[in-house]
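Shared between the two complexes below is chain A, which pairs with chain B and chain C, respectively.
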Partner chain A sequence: MISLAGRDILHSWGRFLLTGLGLGLLIGVTLTMAGVYRGMVDDARALLGNSGADLWVVQQDTQGPYAEASSLRDDAVRSILGLPGVARAANVTYLTMQVRHQGRDHGRDVRAMVVGFEPGQPGEPGYLLAGRHITRSHFEAVVDVRTGFVLGDRILIRRHDYTVVGLTQRMVSSGGDPMVFVSLKDAQEAQFLKDNDAILNERARTAANPGLNRPGAPGLLEAIQASQASNHNVNAVLVQVQPGVSAEAVAEQIRRWKHLEAFTRPQMEEILVAKLIATSARQIAMFLVILAVVSAAIVAFIIYTMTLGKIREIAVLKLIGTRNRTIAGMILQQALGLGLIGFIIGKVAATFWAPVFPKYVLLESADAVRGLVAVMLICALASILAIRAALKVDPAAAIGG
Partner chain B sequence: MTGLGIRIEGLRKRYGAGDTAVDALKDVNMVVEPGEVVGLIGPSGSGKSTLLKCLGAVIEPTAGRMILGGQTIYDDGWKIADLRALRRDSIGFVFQAPYLIPFLDITDNVALLPMLAGHPNGVARARALELLQALDVGHRAKAQPSELSGGEQQRVSIARALVNQPPVILADEPTAPLDSERALAVMRILNRMAAQYQTAIIVVTHDEKIIPTFKRIYHIRDGQTFEEAGQGRSLEPEPVS
Partner chain C sequence: MKLNALLSRRVGLGLLGLLLLLVLGFVVMRSGPLAPVRVTVHKVSEGRLVPALFGIGTVEARRSYLIGPTTAGRVRQVAVDVGDVVKAGQLLAEMDPVDLDERLAALEASMARAGSAEAAVQAQRRDALAKRELAILNARRYADLGQKSFISAGVVEGKVQEQTSAEAAVSAADANLSAARQDLQRLAAERAGLRQQRDRLRLLAPSDGVVIARDAEAGSTVVAGQAVIRLIEPASLWVKVRFDQGRSAGLAQGLRAEIVLRSNPSKPLAGKVARVEAVSDSVTEERIAQVAFDSLPAGLALGELAEVTLALAPTAPALLLPNASIKRFADAQGERVGVWLLDDARLRFAPVRLGATSLDGQVQVLDGLRAGDLAVVYSEKALASGSRIKVVDRLVAGKP
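Our next item is the complex of A and B:
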């Protein structure tokens, strides 16, 4: 038996192709939406993985440093290093801000997450695409390629210029902002330093205070002013535990004895994936549902219209003895064929346009398979209306009068 | 009477019930021998289409008896369980318009019926080609229906009606859209095929061009049939002088 659906598709290939193109673009958007979500999750996992940490120690009763603001004294790292099972620990700061390009793109602002880290310690970018790691204490930066900066570029962070000495990749915040790595001291200053007017004002106020500017205590005023201008806070301490030691056990010690919050990698992943991007995920899920419903409606409408256009042929087919299931099969196969054409076009379109998106879009093969199954299911359901219409056709309609 | 062909006795068809009931067929009696082509003529609303639909097993008569190809298909109730298979294997249909399946080529339009009957594609196509050759459209075997003239399409639809070698063919205004020459050509084909395959053919028509060609005609009026002898004019082309 020949494939009636296949022959019809070949006969009207232009109409099927154009319809498939429209449906395909819709499917492409759906696959891209799923890819955006996957990209967010993958960015979050890359953020954790690239930090090299087993534990994130943050301010008590916060879920920092990525999901909430966290501030702790930078000497907490020393007491953490003294705990059994801790191999390495280092302070880090995170600050999302506008970084200005000073060179060829003078004045171009890039939204970035500025990370302060201690060279050679957890928090340092894991690998470089080009250039070198930071070797000087000040005014050098390693940047993610997504910032658009290149080696040798001069960038402005707050009041100071930095030279880009290294390029890394896949180092983005949970919000998708590319990272700019600078030394911890520079980052602390950028994060907590007041502006010049505020410092002048603060100094004047301190000098005018007789209790803080005693004639009999030389050097007191300078010491107080120096403490006001400096900062010893960080956002988190990244901890690596010794091999064979349970991260959870170390985290428990930190929570119990240091009055700090400590998160293991699975806990931090839970915060980033399940909490921080949960709203975005729900938003995307809503879009996926709407797109699925729209796709189903389009396929149903198209197949129904195409079936109505063949009522006389269907009546003739029934009159000459074609089984109902053959006719239903023809319509179902056409719907599935349309879905397949649409899926192929959608997959190709999504693959081509995904790299153009400003945020990372991860198109997973498993999602594509799930998408194909969903498209086929939607097309099969959408063909029910047309099949019902076809089965209602009276073979007597083929005989005139 | 051979027992094959078509035999209809006291066929009745009533639409609706009670005060609104309409008797479309009141007392239809017909006999069409194998190899015979009979005309069925009547004004609009006389019951021609209803009779054709009853014979085609697409609507159920109210009472009476129908024997097609020696098989009693209706005797105050259907005697055949699978009417679809009956239509496929025992009745050929030729319509006013050819109603070919637009997405199948000519060969597959004809071969579709034997394929539906379970014959292998190769066998079905070979049988279709044989018939298309016999009907002088073999050279268009791979063409799409839209590429054929009206006369060629009608010949293809005749081939489709004949391909399963049914004992009965029901033709509903088969020459209506054709000019005189092509209409007579179609009638020649129907007569030739009826003789060759011993098929009983009923041709419903209003077409004045072909009415004189029937040897026997049934008139249908107010749901009743009346037999009359036709002129039986020769269908052979007149020799060129």
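Our next item is the complex of A and C:
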């Protein structure tokens, strides 16, 4: 038995393939949009996963350090380390800023999140692509490859040059900015250090205050100015709890006795996903829904018009006594084939162009399977319309005209 | 002919379909959860590493002097300016003496007067001596006459009494004279004290040096101890370096140091640790050491930022690993530090104990590994024991 659908495709294979290609690109766009949405959520999760923490301790009554500004003293970590159930705790600072490239491509700014961490403690990048971890206590940086920096590059953060010694990957802020890891002391200084003009102004302002610059009290002004130019604040303390200890129990102690806010990982995820990126994620999700509906409509129309274009040949088939089932099968097979080709092309195209996107695009396999089922369903539904039209055609149309 | 064309089209389409499926298969295997994690491996081998300490510090003077008055007062003149090279004993500034000079003049006058008084007393004494001389002669003569009974005993006794009075007058004159001398001594001592006070108002350089600050000008009032001039000994410049406590093991006096000044980063200078402070900074968690230059560079500025690297002795041979391969992984026994090893294309987590590290990222493995083990160094994402991996040479283009 010869396949009617196959013979028809062979007859006009060029048109069939081009239609499949167009359909595929459309499906590719839809899959990519789903990937953009997943990428946003995944960026937020990556931020939590990379920090390696079970608990985030931040300033009281804030939802820091990612969603809100938070500032606490850098010796709070010592009292937290003394709590029962705490395995490791480390200070960390986060500061989103422009990092300037020195040398090779001088003056290029990269928006990055500068992370100050203590080596060997939570907050350190967990894996590297190249180079090494930081070994000096100052002026070395490990960067995400998305910054575009390479090993040995000199980058400018505030007034100090840092050498890129290591590269890592998928270390991003919740907004998708790549991270630059530097030592905690450098980051504390970078976070606080003003430009020289501001420092000079501040000194002059302090010196002009008669209460702080009293005659007869030598050294007082210098001491005040020195204390103004140092920073012992951090944004958060990352805490790992001992195995078998409930993070919530430790968090409760910190809230009650240390007068700081503490978030467990589910709470932090809630803050990041449900609060921080909620609006933009919903925006993308809305767009995704519209795109999916439009794609479905276009697929249905393509299959319908393709059948209508063959209406004369179908009339001939009916005229020579072909059974309705055979004609319906032909249309359905063609529609599903078109959907399959479209899906494959779409999936391939999405995979190839996803890495070009400036922000992370996460193509989930589950999304792909869902997409395949949806494409097949839409194709089948669309072919029902086409089959109805084909079956209603009058065989006389073949000779009538 | 027709059949042939149909056949070739069919074969062509079939090939096309096959190609599409192949591409899909490739795509599915290369991305998403089925894709292997690309890693690079490193063969664990034995070697020595040269541990080093790294710190930053500022250029400071070992000896600096704050020169100011010992009592509150007004500055009369400042003789030197910032940057001047001064010799030991040179006048730097002078305080206003107020009435000290007048008091000195008054003392001088008092001393002159005391000198006159002494002269008067001396004259009185000479007078008393002359009177005593006469009284002695008279008394002796009257005593002779009395013995020969030419005169009455009453007259003799009167002359003896005269002699005694004359002797008492001499004693009184002697006492007056020493009182006058003591008065003169007191005034001289007072004058010396006042001169010293006057000299103390002249601020002199305690040693050769360079003026780094001129904190008060003529006419301004300063309190006791407040500096008017700041002086340093330029030959005593060194770098006060702060080392992270956690990475300061091995810090000791005498270690060779490489100093990189911020003003000239391409030219490292040689030096050595001159002093390690016994007290470390508990707030910043840093240890403090002073590193002296072997030879002072020209134009060195106080307060300049410097990076200092101290080289320690090479370690004994031990297994070495790049620090990028050290991971933390939580399993049933809690989170441990270790290395992912490649055993017949399967991943195994081996906990290790680490030793010294070097600044170029090598770390000693004390136990947990054998020479020849294949350790994962770089990976595209965090690994787990079930991860599918693919070993490649490098993960990013360019040098690894």
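Quick note on the criterion: the second predicted complex is superposed on the first by the 357 of 401 C-alpha atoms of A that agree within 3 Å, B and C clash if a C-alpha of one lies under 4 Å from a C-alpha of the other, contacts with A are read in each partner's own complex, and residues count from 1 in each chain.
Definition applied: contacts are C-beta pairs under 8 Å (C-beta built on N, C-alpha and C of every residue); 3 or more make two chains touch, one makes a residue touch a chain.
Here the structure is a predicted model, which means the values were calculated and not measured.
*Asks:* In the overlaid three-chain picture, which partner chain does A:Leu10 touch, first (chain B) or second (chain C), both, or neither?
*Replies:* After superposition on chain A, A:Leu10 lies in contact with both partners, chain B and chain C.
*Asks:* According to the stated criteria, A:Ala130 is in contact with first (chain B), second (chain C), both, or neither; which is it?
*Replies:* second
*Asks:* Report for A:Val348: first if it touches chain B alone, second if chain C alone, otherwise both or neither.
*Replies:* second
*Asks:* With both structures placed on chain A, which of the two partners, chain B or chain C, ends up touching more residues of chain A?
*Replies:* Per-residue touch count on chain A favours C.
*Asks:* Just to be sure I read the superposition right, which of the two partners does A:Leu319 touch: chain B = first, chain C = second, or both, or neither?
*Replies:* Once the two structures are laid over each other on A, A:Leu319 reaches chain B alone.
*Asks:* After lining up the shared chain so the two structures overlap, which partner does A:Ile303 touch, if you call chain B first and chain C second: first, second, both or neither?
*Replies:* Neither partner.
*Asks:* Should A:Pro395 be classified as contacting the first partner (chain B), the second (chain C), both, or neither?
*Replies:* first
*Asks:* Touching chain B in one complex and chain C in the other: list those residues of chain A.
*Replies:* On chain A, the residues that contact chain B in one structure and chain C in the other are 10.
*Asks:* If you look only at chain A, which of its residues touch chain C in the complex?
*Replies:* Those residues of chain A that touch chain C are 6, 9-10, 13, 17, 49, 52, 75, 87, 119, 126-133, 135-139, 145, 150-151, 165-167, 169-170, 185, 215-216, 218, 232, 240, 242-243, 341, 344-345, 347-348, 351-352, 354, 363-365, 368.
*Asks:* Tell me, which parts of chain C touch chain A in their complex?
*Replies:* My answer: residues 6, 9-10, 13, 16-17, 20-21, 23-24, 27-28, 30-34, 54-56, 221, 223, 225-227, 243-244, 246-247, 283-284, 307, 322-324, 326-328, 330, 334-335, 357-361, 377-383, 394-396, 398-400.
*Asks:* In the complex formed with chain B, which residues of chain A make contact?
*Replies:* The touching residues are 1-2, 4, 7-8, 10-12, 312-313, 316-323, 326, 394-396, 398-401.
*Asks:* In their complex, what parts of chain B are in touch with chain A?
*Replies:* 44, 48-50, 52-53, 56, 58-59, 84-85, 87-89, 93, 95-96, 99, 101-104, 108, 112-113, 115-117, 121, 144, 160, 172-173
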